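Just below sit the structures, each encoded as structure tokens.
Next come two complexes built around chain A: one with chain B, the other with chain C.
Take a look at the complex of A and B:
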């Protein structure tokens, strides 16, 4: 549905935080807009205010330092990441997930921060951030707090961010050697689609991690895989961490089966 | 109309001439109704039903009427009109009762679309929800609610259809040939199975859109994204009791139709709003979501086939029952049922046949024509069935097909004799099989299989389709010569992407002997300017309009010769011509240019000769008859286009995932007028068919609400889903009455893609799939003999389309 709303584009974080607080009920934050705008059009939201964060200084900054790692501003798009040489060299897993997200046109608009702040169970960026040990820097009018992404998601379309807060940065820690990994996403068509299930498997400094999308109310990280676990033990551990449902995209039974198959494939492929 | 001239001896026909609309389309210059704005134009929005079936208790639009910019609000109660071509069963807006989720209940026109939306939100509709009938098999039960209790009072085309008042059956088509009981008794094997496919959406790039102005003196102007301007006009005039001279329909560029824009659509809705708003033009453009539930879809089908086979593998008897789910309105679905009924065996000879095909009303979005007109759906059943029958009797499915394929001398199910000119399905099958190395794996494929662990399989499927149209379908083409001797072609067949205008242009140039550059086909169609064409449907456009174009060209030349004879003082029989002039054959220097005669010739003294040069061509289908309603016998087909696909697939048995490695498609097009356009149709239709094969389909909840009413969960394939390798061929068995021997191929490329894939998957893995689509999960379930997830239409137990048991020996 098209209707009139006020578009705000604050140029400072303080102003943004004040606006977010003031319009906690009748406003929404705009980054890439690839989720917000369809929701406005479809009448899911009836907003009076749309608050764009892209005018903030450094919103689109994508920086790397050996000390801090990769730091993404809230307006960094998926294609910004894919085009960044450092990201490709040091965080191939991040780029693998990014590449699976929607279509090229949407990746031009969609942001990494939006993809996780939206907290969809089928977020494609969440698995990478979970496996890479990324943290969310959350800002409000009163200050800043940092939490790991393992504690960021609170449920379907819910995060731990409070009214008046926004995701200021995503920090992916530096690593002595890049995590190896691959994201397997089951789709209905070869092109742009939401995942039926997605499994990222990584191996870094001898430690295996799995992150699963579209299989629980939130993206899920599985860290309790031990070096000596055999294939079926690993599959069991991953399945124990998820709770897929049956819906129009797939049955629960098939989702569980495919998660198991993907985990097995990743155990073989990611060495 | 067939010329025995070889393609190599023709100047334009058979060549890949420039397609005039491409640059305009690619640059965005082409004007669509979506682009159009008229002075004073209002925008319409609709209040739609959230229920599958409910009584409309009360509509309160007082708040909406008071909102700014609102110029007209219309409800069904004030509209006593019914619309329809074959069964006149649909109103412009629901009246008294809503019959499907998404049905239009109230319409609003306002100065802006936003104001119209605000008004729609302010309208309050009180419903009394009634139990819907959702699955078409449920709708046949004695105690099923009736979707149309007044069916007995509706008008319908009695020569072709048989509604059953007091039931949900909108039409019962029968076909009886030979002695089925006797033939079954003599059969060595009897195999019975059931197949199904869900409703799907056409998904034209341009959604349905129309602008209508109901002017002074009831003069109505319609601009519409429609396939058939004259049928829009005709049905519109019937509905409103207007003279055809009062209504003008203009169709500019159309962004795809695929059958969904055949017949009449949203034009009457805009018209009643315009009338109520005092004659201001009203535009309505459907949203993508409205395409899925307000506008029609393709009917679902359940098809049960029982086949008796002789000891030598010849089909001797076949009993067929088709259950077509028309949804809430059956106007078009009844004709899909009829056309599928007479073709229901596919391109195979069935000496003894018994068919019942039912069109069944349910409380769901309604079905209409969709590329293939039922043939995509029932060929899924027929060509999977041929595979399973062959398997059951221990014969190679390809050999079984060849053994039973139609050939010269065969009788179709309606008793039509196949001749050597009809087309050659056997050759199509052989070419398709050859292109995929059917029957064994190449060394390369074996190596690939070893490397990936995925199983490679190959399958073929054949197809046939004749145009489904009234037996007296006619068209016309008018050529007008311009002052410079170039020629304007006017016809009301529309080109909504299929490329027919390019082919007509080639045909006109060929017959006139003019360079292609001198011929322009006017892209916009206009009932006030163009001569009549029935509809742009059925893959009949090239054949009928191509013939009319040949006749128009001959008429133009004849008229020009008459004038030239007068000017040159010679016998017309002594004249010849080239692209510029007419000359006396034995005195070639004595000539007169076309340009000097085009709008009337002036002699040196100023006297006038001739007059504007015009050529008229009319063509009407010949030799067709209505089918006998009791036994289905008769002659329904102006031509049969045959074809076949071969598919190579690799399947992961562990997960059901698969990739189509190659598809080879072959069609007997008679003569390819423009080979690149044939190839475009072949690939476009193939991918559309692949989409319905791998993922498309409507999913409803138990209240009849559509659960996937958008692209989020109603996916269609993209270029990324194209098979790794695509080959397209034509076989050219000339159609004696086709223009330069050509026959249509617009719909055929979508037919039988799904069964070819199903057959290949079965060959690779043994998975027996009887239900479309074949999602990875469906393949996985079939491999594990798990019940298919029947989430297409409710969870009704009878909705589960289970396949019958294995083949059993007779007796």
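Take a look at the complex of A and C:
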């Protein structure tokens, strides 16, 4: 790397929380590192400490129970999810989003928790977690709190997590029948790339949901779509909820247009 | 920080700088320069190595994170003058021009073939989507994978031999 920093790898959650609090200004949490390390290299972050969470007991555990649903530890990688039979069978929407994320090598290293805790507007896992009603279990030195992902993102690269807190688990609730759905992601090339706009459309127990990435400062969930709405009403509702922005990757107008195209396609395809 | 890491079957114990990437550790500390640095930020895949049995970008892993890990690089592929089947197929199908992407490409193809004996063309494309090649246009690389998995000839898919 371009400058020196110290590497800390605490083996307990209490130690990790203490380190995160102590180094709130000059340290960052490391999970897969596929975002943190390029950012250090490019000088986006000037850090004195990198705090690795992968040595925590159970960090990479991926468990399912009928009562709680799917519980992901903070070091569960994207490909851990894709290789998991239960996840593929019961949460196909989660796997569809996971499959769209970056390249195979990165999916082997990048974590689900990191992808959302990083709070990038173009997070590919966020749409799935939003549509599936997932919750974030956040740990600090003083205890745990649980919040739905609809309240997790606070802005570009910002979450509601406070200094000294980290994303300990992601819980995706069980469902009587798996949500049907598809994630459409517009990018410049067919291979791996950051999204220009991504739309996930799901249908579960007659209820349609849409989640949009790469369009607004945070990933957005749209839940107010009614069963009787026609196509143009649905598109209007999604656009009203998302209000796309212009940036280096695309103009607002292009994003609005493509969200409309994707929403229409998803209304026809997801049955 | 002291680390113990098994690279291509050989155990190394080294004192490494905590901010050093696994890629630079392999190249500078162990002298294994087969693994390349292209972009240094996970875009190009030239630095692809096996980390505990799965391919990853070694430019985005710290050497200290590899403490206790098993790493396999392109140097572990050929013993002496002999090449592996993947390497032979790449040579035969003209899949190598400048060669800079090849070490990473071989790693990605190796993981693909460990999981799938006869991958389809879309599966091959997906496996190497994180490996940029600016010379071949990928066609010859895909043909090499078809060749090494024993199909293609009867289908007339090897156009560059």
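We adopt the following convention: the second predicted complex is superposed on the first by the 270 of 271 C-alpha atoms of A that agree within 3 Å, B and C clash if a C-alpha of one lies under 4 Å from a C-alpha of the other, contacts with A are read in each partner's own complex, and residues count from 1 in each chain.
The rule is short, and it goes like this: a contact is a pair of C-beta atoms (placed from the backbone, for glycine too) under 8 Å apart; a residue touches a chain by one contact, two chains touch by 3 or more.
Only a predicted model underlies this, so the values are computations on that prediction, with no experimental measurement involved.
Participant: Output check: A:192 vs chain B and chain C. Expected answer is one of first, second, both, neither. What do you get?
Facilitator: After superposing on A, A:192 lies in contact with both chain B and chain C.
Participant: On the A-aligned overlay, A:261 touches which partner chain: chain B = first, chain C = second, or both, or neither?
Facilitator: first
Participant: Looking at the overlay, does A:104 come into contact with chain B only (first), chain C only (second), both, or neither?
Facilitator: A:104: touches chain C, not chain B.
Participant: Which of the two partners, first being chain B and second being chain C, lies in contact with A:3: first, second, both, or neither?
Facilitator: After superposition on chain A, A:3 lies in contact with both partners, chain B and chain C.
Participant: Would you check which partner chain A:207 touches, where first means chain B only, second means chain C only, and both and neither mean what they say?
Facilitator: So A:207 meets neither chain B nor chain C here.
Participant: Given the superposition on chain A, which partner contacts more residues in chain A: chain B or chain C?
Facilitator: C
Participant: What is the contact status of A:79 with respect to chain B (first) and chain C (second): first, second, both, or neither?
Facilitator: In the superposed model, A:79 contacts chain C only, not chain B.
Participant: After the superposition on A, what does A:37 contact: first (chain B), second (chain C), both or neither?
Facilitator: second
Participant: Touch test for A:48: chain B only (first), chain C only (second), both, or neither?
Facilitator: neither
Participant: Contact-wise, after the overlay, does A:248 reach chain B, chain C, both or neither (first, second, both, neither)?
Facilitator: first
Participant: In the superposed arrangement, what residues of chain A touch both chain B and chain C?
Facilitator: 1, 3-4, 42, 190-192
Participant: Using the touch definition from the top, list the residues of chain B that touch chain A in their complex.
Facilitator: Within the complex, chain B touches chain A at residues 113-114, 117-118, 289, 654-655, 657, 691, 694-695, 699, 707-708, 712-713, 715-721, 775-777, 780-781, 789, 791.
Participant: Provide the residue numbers of chain A that touch chain B in the complex, in ascending order.
Facilitator: 1-4, 42, 186, 188-194, 248-251, 254, 257-258, 261
Participant: Under the definition above, what is the set of chain C residues touching chain A in their complex?
Facilitator: These residues of chain C touch chain A: 1, 17-21, 40-42, 45, 48, 51, 54-57, 59-62, 64-65, 108, 111, 125-127, 129-131.
Participant: Given the complex with chain C, which residues does chain A contribute to the contact?
Facilitator: Those residues of chain A that touch chain C are 1, 3-7, 9, 30, 33-34, 37-38, 41-42, 50, 52, 54, 79, 102-106, 108-109, 190-192.
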